[in-house]
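These are the structures, in structure tokens.
The following pair of complexes shares a single chain, chain A, combined with chain B in the former and chain C in the latter.
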Partner chain A sequence: FICEGVSLGEAVREQHGKDESVHRCRPPDVVVFPRCVEEVSALAKVCHKHRLPIIPFGTGTGLEGGVGAVKGGVCFSLRNMEQVLDLHPEDFDVTVEPGVTRKALNAYLRDTGLWFPVDPGADASLCGMAATSASGTNAVRYGTMRENVMNLEVVLADGSIVHTAGKGRRPRKTSAGYNLTNLFVGSEGTLGIITKTTLRLYGIPEAMVSAVCSFPSVQAAVDSTVQTLQAGVPIARIEFLDDVMIDACNRFSSLSYPVTPTLFLEFHGSEQSLQEQVKTAEDITQSNGGSDFQWARDTETRNRLWKARHDAWYAALALRPGCKAYSTDVCVPLSRLPQIIVETKEDLIENRLTGPIAGHVGDGNFHCLMVVDPNNPEEMHRVHLFTERLARISLVFLEDCRHPSSRSLLQG
Partner chain B sequence: FICEGVSLGEAVREQHGKDESVHRCRPPDVVVFPRCVEEVSALAKVCHKHRLPIIPFGTGTGLEGGVGAVKGGVCFSLRNMEQVLDLHPEDFDVTVEPGVTRKALNAYLRDTGLWFPVDPGADASLCGMAATSASGTNAVRYGTMRENVMNLEVVLADGSIVHTAGKGRRPRKTSAGYNLTNLFVGSEGTLGIITKTTLRLYGIPEAMVSAVCSFPSVQAAVDSTVQTLQAGVPIARIEFLDDVMIDACNRFSSLSYPVTPTLFLEFHGSEQSLQEQVKTAEDITQSNGGSDFQWARDTETRNRLWKARHDAWYAALALRPGCKAYSTDVCVPLSRLPQIIVETKEDLIENRLTGPIAGHVGDGNFHCLMVVDPNNPEEMHRVHLFTERLARISLVFLEDCRHPSSRSLLQG
Partner chain C sequence: MSGRVLVGVKRVIDYAVKIRVKPDNTGVVTDGVKHSMNPFCEIAVEEAVKLKEKKLIKEVVAVSCGPQQSQETIRTALAMGADRGIHVDVSGKDYENLGPLQVSKILAALAKQEDAQLILLGKQAIDDDCNQTGQMTAALLDWPQGTFASEVSLEGDKINLVREIDGGLEHIKINTPAVITADLRLNTPRYATLPNIMDSLMNNETELHKPNHRTSLCVGLIPLFETVAPEDMQGGTDRSGAMLRHTVLQSGKPKRIILSCLCI
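Then we have the complex of A and B:
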């Protein structure tokens, strides 16, 4: 008797066999609900002995099918481990169990003047975000999970418990030994089950303001992004939505932005620094033919704006009821970004595909949210050909080649 | 015939068997001077076949004895691989070979408006800085090598060549596969020989200003540091020097700062943001009893100030001619820093040891530069007992205990 919560029920197994993506495979054979690291360890030992696959499960909000039980096995649902531990406001760090989501942590921190900025959109488990090396809209300013995880408690496949930076440690920097923390960040559950993560916190900025800016072309929007970063503006968020995406968001979230390539921006800092940042960004966007900024100043308006951005996935799905969404995820050097987005849009149109584009463009990162009818094999085939082309083009752009067009290269 | 440069000469071997530390062991049996990764690989294959230890050698500026040939073997001096490759100013990245030092890179970048900020003091090889996970005075603002290496080319022990983020890639962020880059950063030559590193660059700030501030006590100086960071000032450098250290620097670098606990500060930003940062820092230091800031505004004065800080090692050595220096390296959470420095100073005085303290206090990191007569076994013994105590105290401070004094804990 290791763990109180065990379920063999079909509904529970089904629920733990899928995330929010289109990917489906068999559900796990059993779901367990450990309440502490000792239970996780004891269960892992049993699985290890009987050679049963282990699948850690946080919130199931992933978009890549990572929780699928490809070979069956035991799903470890970690939702009952939901303590916020060891908050050190004076050192800007906190330790959380795997059931704590990013929104739960920020609610917990509300009165401390601190927050945890990494924000992949979904209200994901923070340990799951560590496991998948999550990033999102704030990464351009605050980094991804890689830069913000200070320590991890991990249960290995054989049940042994390791602390990647030493038990109870929370070093701001260290050069003692191998960087095991960052080996586990992004390991997607393949190296162990993360049962605790120690995170770096930030002071809530004195002032924040968001703005929306419409552009005559994709090139103009992305050029503005690149120039804003090159000017050294410490922008907190700079998100690109193409015309199809902003149209979908307008419909889904009852907004009325012009249906053209658009940037959602957010600035953090002191009142004075905010003025300076905004001035520089406005000069740059206007020199690229951008519209006046539409402001979102108070918390409620800002939240509505960013909720709309975070709901892009559902907005895309709503474009074609009954269809499924399938996201691509491409990151190229900043200077290559305008060209690859322009070429990708041309490809989507040529091949009659619905793929609104949303991008964390400050990092050179963008998604095509492919909306596809899973019952239409011909369309599925066109999507697969498109994603393969996109993957190959990305590689060309990632490497150090300076060809005027990568499509001509691929087609030539 | 693999490599033109091979030396068995005693002087060359001696020169490559030591760094700037007190640590000494036997020199390597042979020193080779490969000119390209293919030569490094071919040489590694020979060593692998004959089971000869390999010791990579950059500039020999380390302070931890990492280049010592503990079991003899082949020293790979990489100074002949000194190309700056693939500068992408528009993407803020560059790739360098192991012979390129941080000063050489910054000289190369001079006309681009960009710089590489990580600065361990010595003019170290950038690939060596990656291998040792170097940090230094700018880490509080710009991070350490961990945050600034984007890709590495590494020759493994068997001569195979790997690119930790994919050949030719320079991703600003990635969640594709394990983070091998950060497994090699800080691996100290134990996992392979770094033959190329791709680095993140930064725009040179519009304005920079340095200042020196004297304090009535260690506690006041360190409290000011903690409060400045808690106030969200994006300070570029904040370096602590205790009374013994500033006295040594005064003598060595012909300065005349008051002989009391001191902070060297540097601010980077726009003119406007600089004013704001300085105002906040001045308010904080003065509320802690700090002196008026002594300014270093022009480049030359700033350089003289930071040269004095970087020469702290030699300044410490000059306190006792004929002695050797031996540095400790401790990092604790910020909130624990005042207490551990105060207790460490008491310990040094009680035990009649010369150990000026210099600290990257913004990261919770400080060094005692122990100056010791290697021919006095009784003094050497006292130093060893001290460093052991310091190591044990650091662990207590690092872990999550809130005892009023860790010394009483250890002694109790």
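Then we have the complex of A and C:
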């Protein structure tokens, strides 16, 4: 039985059973391609009646195995719903369907002077980003998805269609009612299928300038971060890369940054405000032993710099061809960041693990990209123990610890 | 030397839009479809603004030929840094028949009127893919042309140009005044920022011109018979003894690439 919106083909099912993580493919039993929310709702009703698991699928660019159909079921591939609806430039909001990716939206918006700044590495579906509460390098100034989703249209497991902030509503703030929107943001596809998301937009900054600063130690780099934020500099991006990560990036992206703990910085604002921000940041980094800033002012150079950062995942993988990568994701109070990164590096060296570190230090968040040989059970076991230790230390630091790779290791 | 640069900007259907053919096959659907500045024209505007920022030229004038909506395209150019706009009003049947020959006559006339030192255009428009306007304009003015430019530098009253050609890169040196058409790798266009867009809306920097019908618009018209969408893809067939590799790409639109090797 062949029809356009349904596929039983093995290749199509396999394609929809994995994302960009190391987790093995768990194909669904069937993939459906609804074209509108009414079709999503009707299909959900069918699944509900027959007790079939539902797996929403956006772009498959997740890093945490979220689309694996561990118990089989029906994968709802939402790529045919790809409209940008309802753009209100004067109100700084737009509503999009699941097939619209963040780069596609920003290309659409380019004539309006607006942009959507949340930027996880991949060109992900915006509704998928809502479901996973994506963050990115711009979060330190513009926030994550939690702060920037104003309304959602969601199809629940029984087919009912819900508007979390009211149908067609897009208030910039509200004190009324339960915050259902943020219940669904970050629910990882477990509470419903997101079919529309209303997003908060920002003005494209008048000027942007990026810089790279090398430090003699992790402590110096992270101290500079903390002090820059304390000085009230509205820094747009502040990313930490340890020496292993910088080395990997140098090799992968043909760069030649010094192989020491490094900060990648970006400043947004008017020309005058940039000068102030940069002066303050430079004073701080120099007082911590940081090198002179290596500047990237024009668009091409800046894009190359951030592409190198966004390619960190692939750069880490390239360190050991044939291996797979797990990403840990840990967030601690800023003041504890130097300590946890230093301890993590010591742990990695002691246990002979490859784990370049890259992080959104402005949020107290860092990723350890564990590169491991999946066919070496002893190494996999060492990685497992390491991630458990990491999760425990961060909990001790009494802050949010989202550690999906360890969780899924335990489950799977 | 006036130090004035004319930049042609064309309003086209946005590159990300899925094009649909009208049911009566007379053209493509344009009503309610998102339009924006032709991407190669954006690159041309960026290059002109960069030259002005380097103080190598004095004024950037954005020109667009088309109906009322072309003014939006000119405003985008102003928001990117152009100083002035000229909207050449062409609408209705004249707009349907507007092609490179007509546009190049208009640009040639404007270049003389504005005493332009340089004309910067995109190498082609993404709707008709003609790649003719720059060349025709240069011929009408008897000016040198540097097409498919991936690098431009001004040296006194000459221009050093690197062109992307089939064999690789060609380095040429041409006199000014000249016509240059921009290729993809010339630069990365800046985004128009909100304050600049607001400015361009409030300041009325755009002049309206009416083209001369007889000399510009009515010559060399090319009749259009029919517009037809490409056929839907058919499935592949399995040829015994041959190797077939069937790949579905994951970029949102399924494509099938079938490679077959002859059996030995």
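Note that in this section the second predicted complex is superposed on the first by the 393 of 412 C-alpha atoms of A that agree within 3 Å, B and C clash if a C-alpha of one lies under 4 Å from a C-alpha of the other, contacts with A are read in each partner's own complex, and residues count from 1 in each chain.
We take it that contacts are C-beta pairs under 8 Å (C-beta built on N, C-alpha and C of every residue); 3 or more make two chains touch, one makes a residue touch a chain.
Keep in mind the model is a prediction, meaning the values are calculated, not measured.
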Clash or fit, chain B versus chain C on superposed chain A: fit
Partner touching more residues of chain A, whether chain B or chain C: B
First (chain B), second (chain C), both or neither touched by A:364: first
Partner chain(s) touched by A:67 [first = chain B, second = chain C, both, neither]: neither
Which of chain B and chain C A:178 touches, first, second, both or neither: first
Chain B versus chain C as contact partner of A:308, first or second or both or neither: neither
Touching partner for A:248 - first (chain B), second (chain C), both, neither: neither
Touching partner for A:154 - first (chain B), second (chain C), both, neither: neither
Angle at the Cα centre of chain A, taken between the Cα centres of chain B and chain C once the superposition is applied, in steps of 10 degrees: 100
Which superposed partner A:203 touches (first chain B, second chain C, both, neither): both
Touching partner for A:226 - first (chain B), second (chain C), both, neither: first
Nearest-approach distance, in Å, of chain C Cα atoms to those of chain B in the combined model: 6
Overlap of chain C and chain B interfaces on chain A (superposed complexes): 203, 205-206
Residue ranges of chain A touching chain C (in the complex, touch as defined): 11-12, 15, 59-60, 79, 82, 99, 104, 107-108, 110-115, 203-206, 298-300, 303
Complex interface listing, chain B residues touching chain A: 86, 88, 90-93, 132-135, 139, 143-144, 146-147, 166-175, 177-179, 182-183, 185-187, 203, 205-206, 226, 230-232, 234, 270, 272-273, 276, 331, 333-335, 363-365, 398-400
Residues on chain C engaged by chain A in the complex (per definition of touch): 14, 16, 34, 36-37, 72, 76, 79, 187-188, 190-198, 246, 248, 250, 252
